[in-house]
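Chain naming follows the written order as A, B and C, and within any one chain the residues start at number 1.
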Amino acid sequence: MISGGAIIGQYYPVGSFVHSLDPRAKILISVIFMIVLFVGNNFYAFAVTGVFAVLAITLSKIPWKVLIRGLRPIVFIMSFTIILHLFLTPGQAIFEIGPLRATWAGLVQGMFIGVRLIILIMFTSLLTLTTSPIELTDGLEDILKPFSRMGVPAHEIAMMMTIALRFIPTLLEEADRIMKAQMARGADFESGNMVQRSKSLVPLLVPLFVSAFRRADDLAMAMEARCYRGGEGRTRMRELNLSTNDYFAFGLTIVMSALVVYTRVRFGPVIPRGAV
Amino acid sequence: MTMVDEAWGLEAKRVFYRYEVDETHKVLALAGVDFEVSQGEFVVVLGPNGSGKSTLAKHFNALLLPDDGDVWIFGMNTKDSESTWEIRRSAGMVFQNPDNQLVATVVEEDVAFGPENLGVKPQDIRELVANALEAVGMEAFNRHAPHHLSGGQKQRVAIAGILAMKPKCIILDEPTAMLDPAGREEVMKTIKGLNEEMGITIIHITHFMDEALYADRVIVMNEGQIVMQGTPKTVFGQSHIISQIGLDVPPVGKLSQELCLAGINIDPGALTVDELVDELCQLKSGI
Amino acid sequence: MPIEVRNLTHTYMQGTISEVTAIFDINFRIDDGEFIGLIGATGSGKSTLIQHLNGLLKPSSGTVLVDGVDIWSKGVSLKKVRQKIGLVFQYPEQQVFEETVYDDIAFGPKNLGYSQKEVEGQVEEACELVGLDRELLSRSPFELSGGQVRRVAIAGILAIKPKVLILDEPTAGLDPRGRREILDNIKNLHETGISVILVSHNMDDVARLCERIMVLDKGKLVADGPAREVFSQGRFLESIDLKPPDVTVLMEKLRDRGWAVRNDVLTVEEACAEIVKELQRRGVAGAI
């Protein structure tokens, strides 16, 4: 009935330097950051990217609490990766459990991957936390536009994202209502084994799909009635303009990238080849 | 010819339309409809389910084209594909389900959708959107998400979305069917205001008999044809035809008619509470 | 099958910033065979309240007793409760999913473990109650008209043989004939002995059909009594964004102008008789 609560990575509306940046700048910086993060192959690189991330987070005024909460879903994957590396990397043993041998090299390697994941998740979630869905789609559409000559449907992708965002809450509410309506007819969504449970979803999914198709039909007609005919000749109310802040952010990003490349050349990988 | 000529108004000439139920089966939805609306009129179309009123509405927006006959919108024939966009701009359409016609996640973005499609300059869109939202009294909600609005508010946003295209006429296809009484009143007052203050032609399709009281002219459809038209008074005065096709006379209208039958000397066409109260009180002072 | 609600409060998203209390400290009792109209502006908590009566929502505090038993106490089967108390949601046609009308109506009784023979009997009975043509049973529900599918959906609840039937806006979106037919069905159902709770925005319908009216405003039960009594409080109803039936408003306005008419009339016929009587008393009608 009432959808809400803070969803991880959901737009966090406070005014800040990062919020005010052009969405295209934020998308591009995020992409560059991801690449740089994987170019960096030692802990010095992390020092650079880490400082950059901390700076961005501080400037965004997003509480650390929110960002740390966002890490929760990946705790399992992270521990799994670390353990995997710990045991599967050859090298000098720390301890042994049966046939499994934990190594120093594995520990370093595991920690390295773990830190990389944490920085990655924190920084990229900053993009969705500081950019409203509309800005995000606008930005994406604009970035993809040059590729539309190569057949990338930039406008269509953005329109699909907008419509999806618009209808997610509506469909969630609808799913809740249909589920209750079927429960009023004795349907049981909670007990039984896997097969029974997936079968019990039919009375929920069929009406939900029927309704979604009807909505799509209605919406298509309403869009047509409002003179929609694709991206051709269309203008936008919201104009994207790069400001000095955006150039400043780009500048910082370039400096950060250069430093990371330097650490790679100067110090080499965290575990030098042949060190084990 | 793609020029809006206001003097023309809207016109349907002997319109026939069949739709396919399945491959072998076709149903006649419109059976020779002749219909004229002049600029500035407020017309309400009544009719039971399946009487063809929605089909007719879609003809006015070039969403459907007649199998036979012609539909002229401000001097443009809907069959002329070059005029399609100008027809849709000048005769905008609002639909029944308030959820299924809002495109964007923010009210003002949604209202901007029409002008954006028309390629209006960004600066001008801002102004169109602000004016449209103000006209429907939703300016305070410009940054809200549509799914947090009430049904009546969503419909007003949908109306604003049409207004932003500067139409001459708005066709509303059962816009109140899914609303509560408060929402219905909001919508009716809004469109009445647009009609009176901005001179916008209104064609309002509805199941609610009391909404016909807002109209200059009521059209009653049944089985793909227009069976009656006139002022609300004359239409509801023919209560036998109204009930024959499964419609209703509003309660106060019914009461006026019953009082007349009981031998009370009042106007049987009184349809609103205030009208009937005045009639009855006049009666008293007349003695 | 008496239903008793004691100190019922429901808060959505409890413990979060978006916490909303939808209904607050509600108390009432419904006895067998009653015909109740539940009215209130949108957002007054009607939907939340009715979903408690068959255990679709769990009270934040307070209890719901069906047949004297707290439905949330240990050992009570909610399925059984939902069988006794049928709830027809708004736009119920949106819940149909089976390939044939028969299968869809049979969904409820099958879930509740009736034998095939019993299911057949109950489906037929339900069809009869809502006036659904038997020929439609083998058709796909998706081919039917709006009014017909709605009756299929209502039959789907009736087929589980509830003792109490709750309907949330059963006539929403229908044309006048469809509305009348559904309301006639409901009236007939009530006459078979089922208790009915009708949630509606249409005051004329509620005034015409229901014996007892419960009024919700901002989550509180602000009035509960015979229809005549509740609807005679025109000013009060208007103050909580409800529009009393037109005939009631008319009588109120005539009283303002010094007419000695009752303000608790509910139907056109009653209003007509009352006005004629007053005119005769004044010697006007006699003069005609």
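Keep this in mind: a contact is a pair of C-beta atoms (placed from the backbone, for glycine too) under 8 Å apart; a residue touches a chain by one contact, two chains touch by 3 or more.
Since we're looking at a predicted model, the values are computed, not measured.
Please name the chain that ends up farthest from subunit B once chain centres are defined by their CA atoms averaged.
Chain centre farthest from subunit B's centre: A.
By the contact definition above, name the pair with the higher C-beta contact count: A-C or A-B.
A-B
Using the average of all C-alpha atoms in each chain as its centre, how far is it in Å between subunit B and subunit C?
Comparing mean C-alpha positions, subunit C is 30 Å from subunit B.
Express in whole angstrom the distance between the two chain centres, defined as the mean CA positions of subunit A and subunit C.
From the centre of subunit A to the centre of subunit C is 46 Å.
Could you tell me the distance, in whole angstrom, between the mean C-alpha positions of subunit A and subunit B?
About 45 Å, centre to centre.
Which residues belonging to subunit C are in contact with no fewer than two other chains?
In subunit C, no residue touches two or more other chains.
Give the list of subunit C residues in touch with subunit A in this complex.
Its residues touching subunit A are 12-13, 16, 18, 20, 47-48, 51, 54, 56, 79, 82-83, 86-89, 92, 94-97, 107-108, 111-112, 142, 156-157, 160.
For a test of understanding, state which residues of subunit B touch subunit C in their complex under the given definition.
Of all residues in subunit B, those touching subunit C are 48-50, 150-151, 177-178, 180-183, 207, 209, 246-248, 250-252, 254-255, 258-259, 262-265, 273-274, 276-277, 280-281, 283-284, 287.
Sort out for me which residues of subunit A touch subunit C in the complex.
Against subunit C, subunit A makes touches at 1-2, 4-5, 174, 177-178, 180-188, 202-203, 206-207, 210-211.
Which residues, counting only subunit A, touch subunit B once they are in their complex?
Touching subunit B from subunit A are residues 133-134, 162-163, 165-166, 169-170, 173, 214-215, 218-219, 221-229, 233-239.
In the complex, go through subunit B and note every residue touching subunit A.
Touching subunit A from subunit B are residues 61, 63, 85, 88-89, 92-93, 95, 97, 99-106, 108-109, 112-122, 125-126, 129, 145-147, 158, 161-162, 165.
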